[in-house]
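Chain IDs A, B and C follow the sequence of writing; residue 1 opens each chain.
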Amino acid sequence: MSNDVFVITEHLDGKFSDVSFEVAGKAKELAKALGGQAIAVVVGGGVDANVFASDSTIQVDDAALSQFNPEAYAKVIEALVKEKSPRVVLFGWTVTGMDVAAWLSAKLGVPCAAYAKDVRAEGGGVVVSCQAYGGKLTAEVAPEGETAIVACLAGSFPAEAGQGSTAATKIASPVDLSGLKMKFVEMLKPVAGDVDITAQTKLVSVGRGIGGKENIELAEELAAKLGAVVSASRPVVDAGWLPRTRQVGKSGLKVKPKLYLMLGISGAPEHLEGMKSAELIIAINTDKKAPIFNVAHYGATADLFEVAEAMLELL
Amino acid sequence: MNIVVAIKHIPSIADDLPVKGNNVDFDSVDFVLNEWDEHSIEQAVLIKEAVGGTVTVVGVDLIGELDNALHLALAKGADKVVKITADDPAADSHQQAKWLAEAIKGMGADMVFAGVQASNDIDGQIGPMIAAYLDMPYIGGTSAIEVSGSTATVSKEFPGGVGMKYAVTLPFVAGVQSAPKPPRYAPVSKVRQMAQTATVEKVAPSGEASSGLAFKKMAPPVVTGHAEMIEGSPKEVAAKIVELLKSRGLA
Amino acid sequence: MAQKYQKAVAVEKENIVVDGVDVSGHWNRMFEQRVIFEYTPELIEKIASIPNAESFANCYQCAKCVAVCPVDVVGNYGPRKLYRYAQTGMDLTEAPELWLCTTCANCLRVCPKEVNMVKIMPAAREQAILEGKFVPNELQQAFENTAKTGNPLGQPQRKRDAWIQSAGVPVPIIKDVGRPVDVLWYVGSYPSYHPRGIDAACAAARIFNALGIDFAILGKEEKDDADSQRLAGEKGLFEMMAEYNIATFNKYEWKEMVVTGPHELNAFKNVYPKYGFERPVVHYTTFLARHLDQLKPLLKHPVNKKITYHDPCYLGRHNGEYEAPRKLLEAIPGVELVEMQRNRENGYCCGGGGGGMWLDSFTAQHTTMRLSEKRAMEAASTGANVLAVACPFEVSRFTDAVKSTGNEHVDVLDILELLDRSMRGE
């Protein structure tokens, strides 16, 4: 057993996801407190792995790992964890992390704490704050035993702390990857169709207060500056100002972005149903009694056009 | 095609969840089917309709009220339903996955589906754990599964609309994010008919596993009941919002 | 709505040869005979063969219904047209038209052949649902919510009586009262959960208290009446809810039931009797109009508003109550009551009946505007500044509609709220 902290990083199309850096930063902090090393694990060779602020980085290079493959990744990570017995294995609670973290936990018989919002070193081990029951409760759990798997929600820690230039050590796969039952076939990039608002991390959402189709452009401009996409409440879609694919709410789509910036949406219960679990909700509405202010984290009673235009100048 | 769907009965989050000690007060909450399970059942029935076979739905009966969910599954096209009579509302994902894996072991499943996640997966999801216990590969976040012969083509969703396609040799376990079609509606008359005529097979829980997590505290997160209002002229409001976004790495 | 089905087209010829003689000319237009034999009665028979939908075949295309159909006003609909569409290739059980009827019953009022859409639509919808055909997602959600949580809004059962905290007066729960009461007040799902419905429920509680009515509610034991779900085609769900409700109603001793909503009135008065429940049920407007002498002295504060009243289909046409709501409004000092052009027997539908409450987005895709929007415009055109309603579906629908049609100056208020305002002077 060691006191090292593993970070299982993730990349797509030659780019690491934000959560990899977020978790890498956390790993450094934990490793220091536990008296071990922060070790970034990069599965797959086709990516520049010298980008983490880790104490060391291991890059596993094998043709079978060029694209994410749940079976292969799980086997490689299992072998590395067995070999190095780290104290903590950090994952992102993401489409890839979710495929491996709980599997590894059951496979090795070690605890796993998912939906983690925070991890801290305590008494030689870690204590994890998990966002349970759709955010209705926070559970504080202490994983028992010598290795703990922790899968962290994206956006829980700052990414800067994980960015660095530690040179990666390339190794061959520690396990035989022939005879896999899963084979990568192809990557399907979004086609010319409309964007998927449920997959966006930032949304600028417009309501009836936007006034007309001609004003959508302003929201589009603001969204472009923020790296966001424009979504809407039902009346806007019904009016034909935006396509139905952009509708948030009961009869539209449920979204859970990191940022939900609302322009002129009063917050009917039907709309709230679709967005209330967004991580940061900022609402701008002229009606100070608008129900949205009971749900939003930040609000302002102001003219949305004036605020949006002023924001455009500042961004 | 023999498809087994493992479901999870979980405390409803439609209402506030009361806490007792360091966990949910299970006596005063409603239990409902995990919402992703509706998709995994739909995915299984779609495959059955396409290539034939049987769909078996199996779940752990935590509080003696799983029958409703099982009757609903039958009304939607499942052929057989099984409940593991555990009567332990606090059973974690590891324990449930172990019981489920033991029950599924003898079923000769070509595929095992589970919901990709559940809101109470504090120790992880049952899908990948069942895979580990059954020694099958796992793939989660699926948006479509099609079967031809002994191979399945599985589409997995990534953020930003990117999808990956995999060819998977049976048997395997999948965590279903969404079925290619929205889950079908089962009319109540059909569900009631199932409740009167269908048999729910009972299995005693077998095998032990634990999350290995010690619960230290469970409490609602600290939330403000009202938005923090940003005051000032539109320009000042804009400046404060931009500042806020920058401080959170969102702009 | 675009014409989707095969249409009988008169074919105009450029020249015509009759018995070898070319009789073409420019002095007239030459038409070929319409090919009426291309129509098939099969799709009409398909609907008419469903139990309770038999009268679909009665239609003789007189088109009286089209003139009064509220959906036709905002689309291309009406029972006569449905018959015609069926003749030209529409299978009603698979067409979007199946979900547009609000069962408002205005067509039945004028139909000389008693083609009864209030029976046809639920029967055809039930068939479609049982056969696993397309069911709009929003409606499906309302069905599932009702089955799972006891109300179409999907709110937790244990919060059904949470609203009484904001009433400011005692609202006894019948289980706790432990003795027979005069009035069992069935509150209803929207008054129990919807923020604007709760306003009306609280007003009713205050009025009942002021009148000294011996009343109680079912509290957490109350569940949705499910009549609109039945009309939307979910008969099994309706029967399940009816069995529960009847058993619950019969657990307690009470003399009369007062309901907040016309749909509940219709359920308990006209449909539940078929399932063995036959006890007196009245709508709150009827009940309060009966207490008008005691109520009048309580209405101390003038409400200086020009008010127009919208007749709920299920209070008016379906259950014949047109006068009680008007009497109540006229009893409020300061009120000037004006009528919309379509009123009483010919009242225009808000679009919420027959499941329309849970088909808003779907309906919007198949009509030029919402029925509630059309009605909100009619209300505004009277010059009224209050649109008074007596159905819990309507408050949220019309509040939305006055906004979307630029008539924010028209307040949408339940009669209960207006009475309460006059009582308390707000």
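Note that a residue touches a chain if its C-beta (ideal position, glycine included) is under 8 Å from a C-beta of that chain, and two chains touch if they have at least 3 such contacts.
Please read all numbers here as calculations on a predicted model, not as lab measurements.
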Identity of the chain that, by mean CA position, is farthest from chain B: C
Innermost chain by mean C-alpha position: B
Between B-C and A-B, the pair with more C-beta contacts: A-B
Euclidean distance of C-alpha centroids - chain A vs chain C, Å: 45
Chain A and chain B: spacing of chain centres that average the CA atoms, whole Å: 20
Distance from chain C to chain B - Cα centre to Cα centre, in angstrom: 37
Junction residues of chain C, two or more chains touched: 137
Residues on chain B engaged by chain A in the complex (per definition of touch): 11, 13, 16-17, 19, 24, 93-94, 97, 116-117, 119-125, 127-129, 131-133, 137-141, 153, 155-169, 172, 175, 209, 211-221, 224-231, 234-235, 237-239, 241-242, 244-245, 248-251
Contact set on chain C toward chain A in their complex: 137-138, 141, 153, 194-195, 360-361, 364, 400, 403-404
Residues of chain A defined as touching chain C within the complex: 208, 234-235, 238-239, 247, 250-252, 268-269, 291
Sites on chain C touched by chain B in the complex: 126, 129-130, 132, 135, 137, 140, 143-144, 147-149, 154-159, 234-237, 239-240
Residues of chain B defined as touching chain C within the complex: 12, 14-15, 30, 32, 182, 184-185, 187-192
